[in-house]
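One chain, chain A, appears in both complexes that follow, with chain B as partner in the first and chain C in the second.
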Partner chain A sequence: MTNPSAPDNSAANNPAPTNWQSDAMQRRIAKRYSAEKRFKFMGYFAIGLSVLFLAFLLFTMVGKGFDGFRQTQIALNVDLPALSAGANADSLRGPNANATLQSMDLPGIVNMAAMRDYGNDAMSYLSANASVTLRNQLLDNPDMITQKSKIWLPAASPVDIAYKGKGSAEMEKAVARLAKDGNIKSSFNWNFLSASDATDPADVGIWGALKGSLLTLIVTLSMAFPVGVLAALYLEEYAPKNKFTDLIEVSINNLAAVPSIIFGLLGLVVFLTWFGMPRSSSLVGGLTLALMTMPVIVIAGRNAIKSVPPSIREAAMGIGASPVQVVFHHVLPLALPGILTGTIIGMARALGETAPLLMIGMVAFISSPPGGFTDAATALPVQIFLWSDEVNRGFVEKTSAAIIILLIFLLGMNALAIYLRNKFETRW
Partner chain B sequence: MAGTALLFLILGLGLIAWITGRTRAAMFVRDGASKQRGYVNSLPSYHGWYLALWAVIPAVAFLVIWDFVSPGLVTNMVLASPAAASLPEGDFGRAAILSEARAIAQGLQQSAFQPQSEALVPAYKEALAHFRWIGFAVTLALFSVGALFAYSRLKPDLRARTKVERLVMAALLVASLIATITTIGIFASLIFETVRFFQMVSPIEFLFGTSWSPRATIGEGYDNGYGAIPLFWGTIFVGAVIAMVVAIPLGLMSAIFLTQYASPKLRSWMKPVLEILAGVPTVVYGYFAALTVAPAVRDFAVMIGFSNAASDNALAAGLVMGIMIIPLISSMADDSIAAVPSAMRDGSLAMGATKSETIKKVLLPAALPGVVGGILLAVSRAIGETMIVVMAAGYTANLTANPFASISTITVQIKALLTGDINFNGPQVLAAFALGLTLFLITFLLNIIALRVVKKYREAYD
Partner chain C sequence: MFKKLSLIAISTLALAACNDQASSGGAGGARQEIRIVGSSTVFPFSKAVAEAFQKADTSRKNPVVESTGTGGGIEAFCAGVGAQTPDIANASRRMKKSEFETCQKNGVTDIVEIQVGIDGIAIAESVKGPSMKLTVVDVYKAVAANPFGKPNTAKNWSDVNPSLPNLPIAVYGPPKTSGTRDAFAELILEAGCKTDAATKALKDSDKDKYEAVCYDVRTDGAYKEQGENDNMIVQKLAANPNMLGVFGYSYMEENAATVRGIAIDGVSPSYDAIASGSYPGARPLFIYVKKAHVDKIPGIKEFLAEFVSAGVKGSYLAKLGLIAAPDDVRKAASDAATNLTPIDGSQLK
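Let's turn to the complex of A and B:
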């Protein structure tokens, strides 16, 4: 311990204490403090930049997507009694309503009315879906057929964009003409929430994609949750410490970090080629995402199980419970909120995942919502990807609007997870 | 659908078996038989489970196997029938007719396109009904045999709990094996296709060739456009260089700020913001990069004199990817800084060091292994990222270090080769699997090293 080393010698050679008031020392301290300030500022800058970016991203998406929720409609004066081809309100109420409507040639009626009201170009003003809207209105309110009436029908995409102020000069002029007489208006786009993909951006909706996502997530949850929880229980409560357990742990930790596109390749080879499951179906998509989500649930589950204090296990064991009873009657219920939080976060990740679904063919143009797990389906993020690729400018606002819907779902799920965590978190 | 109905029937019967077993065991408790021995070994519900599992598991196992086996048996029976005598020999036409006849017989399709399949429909209907009855009968028989066997063994001293729990343990083990099976499955499926690819294109061309424009037909020599070096470079350039230049300083400084400077209140607000940033789907980042960032970057490049800047440039993809990675690096660095014993920090502060000096000279060096592990994980995440590069970077593979040029990555090419019309035996599709295997091996290696580093370091301070 007695080491006659440098500090002792230097202290002996230089007995005068440091003069803290000297200029050199003051300068040094000032320099150190300004370095401190700079460093702190860099911290503010870094975190500020992240916040700013998030705000900018959300702002851009909401700004661009807001218009996607608005639908432009054009008024048509339709002389239904003259064009009804003998149909009357009663026949529209009866069982033959569909046949009656078929014989009325609604697309023809719409086109004629448009040309009479607004000139020869006007056929292209109305969306291809306009006659379907008219048909639904007639079915809802058959008495409409007895009188000449002004009917609001959805506009085609070029008119829609022009009315929102981003269209071509020619269309802007047409819109101005319509607007002068109050024959154009914009309302909330219910069609966007209830329809599926279409070729005309004015007619597209996200319900088909949303339903595909929901079906996919149901499959994912029903596979990944039980397997993930059981695996977490095994690894945390029963697994002996040996090479075999290490192998399982390494593969779980590694799977959690494997790129998602690799799971898509696995799904393509194993589920589609080897097992011959239906391509593009939400069943295959769900299974693929389940393999991806399962490690997330296992890791979250293990942390939740680890935080249950050993005294609970010992008490249960002490009154004669078997190891399985200890875990299933006591540890699992206490760990469940934590496991659920991890599961919701894993499901949110699965909901936003795109790449693996591209690999298994969920990228097709699908114009009707899937009826079941084996039907060809698409998913919300894939729909966003598909629309983002479209050349038609009308798709820009629809893509952003779909992104808003997706973000609302994700934020909702994450908020639920945080709520669960705060409500049920127990400090032992 | 008949299989599903049968499954629900079996499960319903299983519930009845459970109730029966439980009731029987409850009777033991009241019975003289149990008083004689003094106790019943297991709780009544375990007897119920014992009976139900014995009844249901063999039946369901048979159902699953039957589901795979019976289509083949049905086809064989149809082929043996006289109606099938006139079928064409060719494999392809024959399969089409058979599948159409089957679809009509099952009611999935209304009418036939091929006249021959119409003739096979009655034979198919008969065969389907035949084997459906066999399946039904065997399933129920297995159920009854299992149930009767288990019922005959229900006694007060039956160790029902031990037996049921043994099965539970087996289920737990199987569940935890699924992760390992998945890893093996990924590896096997990729290897399998990659070997087929290397039978067509030499591995040397793939690993060392410098031109990537895959052709559908393979000629002699080394110029088929399967040289993946430009892709490897593009992947590293976007994921490991540009993205990391953005993400490492910002992520690290965010973590330092949040752990060392921020007040608890600010911290409780900023943490969720970073979590949201991490939770934004990559397709949204990709759309943002393509729509907003890429045009801005191109305009900037033209302004500073790169007149040939591409609109799908590497810089836009890399920048947005870097921002996506910030939360990952930040949270890993946060953990490892928090794990440094506070005695080290307090010691440094007590010696008169300022906060920033303590952080730079004491905390960061001590936390370095964890930070490095986090960065490795971030690199692995960035090079495997697909949607941002698919939407914002290009499809043409250039071997260039110009960040304003169009650059392609491994994941972009996998996506490009595997979507659209694909011929499963062509070299283009198989090349995607070779790229996938490369990507898997690189990320696997990075993950293993990262996890090792982080783990070793954690043990050092525990």
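Let's turn to the complex of A and C:
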């Protein structure tokens, strides 16, 4: 019995069966295989090259930035009981601790101890913040004041670089002298994670910029996400297909490709000049970046909503759900993983922007972390840009260290995107 | 899941909103911290003064210093009076007459001008370089797009001046947007171009042509723009000993181990040469203060006093590369800072 639908392979159509062993055929097969191999090789090459670039970036950043996380400290023998000007441990515990410390003249104590221990040049060995460190140590442990003790205080930038092997010959000599007696050491630089911008690279920290970035991103997310998702829902589920919606679609796609500096100018005119919002604040920065992120969320959201199969909608309609119920109970939850991925990619782009922030005054020297959304703030990439332009060579390692922090932040955000996608994604 | 997410979204929104209200009540009425905008050249000095100002009395709020460039800074400064606008504008050149008029129109009537110091533009080479000695005319002929109105065909330094080495002309320098580039064009290129009487005569007859001839820099690769980052130029010079770089004097001083200043008209860029005015590439640095804000924002007078008193040789500003102005200029600055005498617009160009 023959199958009527089977293709007609009779000898009439194929005069002779293909001879797979013939030379011509073998050559053609070899050609096809080598084309395959070439393609595979190009693929390996492309991946290899991008991995190489990435490895190079990470290697140089970690290599240069590693030192930024280390702080050099110098030991001082401070005879606190003799210099305490009548202060005792109890007065440091009491409510007048600050006044007591003020009267003790800590900067003077530090300078005197440095000169006595290491000679007249030694005043410049210690960071301008050394007395602040001593002050905090005294507040944490008031009993320190009752005995003569060896105290570790942060070194100034020239000593810091010299101890890391990149300083001037003169400073390296001074460091060698200190190191011989074990009076210099380096430890993890907690100050870098808790302080803000400063003029001395030994005192700078990333916390102010990191907090500014966080506040800015909160504003961006709370503005761009709801508006972007609702716009995408309306355009996909409700909007009639006509010239007007086509125009909106083209505009949104265009908006996603507009250079970010334009959004900065827009933010300057709209938020600062018209609405009179506070300059340099993370509120204005966040709103400006929200304008930039919104089109990305709309486009990602529309694609995610489009990929929800129509059968889901029809089934929901079939059992009597209203259009709003269909959208909010079925379509949106199924589309959410895709929307979230798009959102986080848009947010990561917003995190890395400096150009629009320049126009609204966030490229600034701000030496205290922002207290709220309307306080003057700066952001991570801005801080990196500012430090990279610094004259003092101590900033080189701090710049790289700040880049490492930014990369860790980005990595965290992208990891979250992948986690959310894998957790909620449904395959059809 | 959606409910949870929307709850989070709404609560962050609410948090943001309530926080705004809480703090804008204070910030909207009067601002407590000093706001400074303007030149990226004055930025490091302002920063250091701001830090010293706050350390001297820790109850003071940290001033906020923005680096926007001179033009952008003065524009923001002249936008009006009130807590929304900055108190002080940094400038690496004098305020222009047109900017002063904009200020007047927007109600910023009393402006105090204080010269805080001098900055030098250095032309430098790697310490391994050929030790060139140049004149302003050599630099102008080598770098201008149309020296004395004719297209620039010079390929080697020896084409410009036979006594110079036979090396290709290659100069790294700042881009058009930079104040350093303006200063380079006005102090060095214009000085070279004015030596020709016919070109000098153009200044009165055809100002646009004169500016094009004197300020335009060649774009055929001999002058390589390097972005706003002067550190980049220093690094490139270290790698290419036969090239020259144009950047601020403080970068040269900080990187004395890798780069060396080139003598212009026989004067090497040094602290004393710039301070005395004998080095051609020196320019004054100014800050402009809005008099109307002095009583409203706490600490402006103290800030100005700190800035003026730190503008001397051996101070912490000198360590950052600021060059102290001559004594009579410093005296005038100190008077302006205490008496707050507004400038007269007719002196400006």
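Assume the second predicted complex is superposed on the first by the 381 of 428 C-alpha atoms of A that agree within 3 Å, B and C clash if a C-alpha of one lies under 4 Å from a C-alpha of the other, contacts with A are read in each partner's own complex, and residues count from 1 in each chain.
Going forward, a residue touches a chain if its C-beta (ideal position, glycine included) is under 8 Å from a C-beta of that chain, and two chains touch if they have at least 3 such contacts.
In this text, all values refer to a predicted model and were calculated from it rather than measured experimentally.
Scan A:A97 for contacts with chain B and chain C and give back first, second, both or neither.
Neither partner.
With the two structures laid over each other on chain A, which partner does A:A75 touch: chain B (first), chain C (second), both, or neither?
A:A75 sits against neither chain B nor chain C.
Have a look at where A:L221 lands relative to chain B and chain C in the superposition and call it first, second, both or neither.
In the superposition, A:L221 contacts chain C only.
Answer with first, second, both or neither: which of chain B and chain C does A:M115 touch in the superposed model?
Touch status of A:M115: no partner.
A:M317 contacts which: chain B (first), chain C (second), both, neither?
A:M317: touches no partner chain.
Identify the partner contact of A:N392: answer first if only chain B is touched, second if only chain C is, both if each is, neither if none is.
second
Comparing chain B against chain C, which has contacts with more of the residues in chain A?
B
Tell me the contact category for A:E353 with respect to chain B and chain C: first, second, both or neither.
The first partner, chain B, only.
Once chain A of both complexes is superposed, is A:L410 in touch with chain B (first), chain C (second), both, or neither?
first
Between chain B (first) and chain C (second), which, if any, makes contact with A:V363: first, second, both or neither?
both
So which bits of chain A does chain B touch that chain C touches too?
After superposing on chain A, chain A residues 226, 273, 328, 358, 361, 363, 388 contact both chain B and chain C.
Which of the residues in chain A come into contact with chain C in the complex?
Those in contact with chain C are residues 128, 168, 198-199, 218-219, 221-222, 225-226, 272-273, 276, 278-280, 283, 328, 332-333, 336, 358, 361, 363-368, 371-376, 386, 388-393, 424.
Mind pulling up the chain C residues that touch chain A in the complex?
For chain C paired with chain A, touching residues are 1-2, 5, 9, 12-13, 16, 19-20, 22-24, 27-28, 33, 35, 37, 40, 43-44, 46-48, 50-51, 54-55, 62, 64-68, 76, 79, 84, 86, 228-231, 250-251, 254-255, 257, 320-321.
Which of the residues in chain B end up touching chain A in this complex?
Its residues touching chain A are 161, 165, 168-169, 171-173, 175-180, 182-183, 185-186, 189-190, 192-193, 249-254, 256-258, 260-262, 270, 272-277, 279-288, 290-292, 323, 326-327, 354-357, 359-360, 377, 380-381, 383-387, 390-391, 411, 414-415, 418-419, 424, 432-433, 436, 439-440, 443-444, 447-448, 450-451.
Quick one: which bits of chain A touch chain B in the complex? Just the residue numbers, please.
Listed in rising order, the residues are 32-33, 35-36, 39-40, 42-47, 49-51, 53-54, 57, 60-61, 64, 226-228, 230-231, 233-235, 238-239, 247-248, 250-255, 257-263, 265-266, 268-270, 273-274, 291, 294-295, 298, 322-324, 328, 345, 348-349, 351-355, 358-359, 361, 363, 381-382, 384-385, 388, 396, 399-400, 403, 406-407, 410-411, 414, 418.
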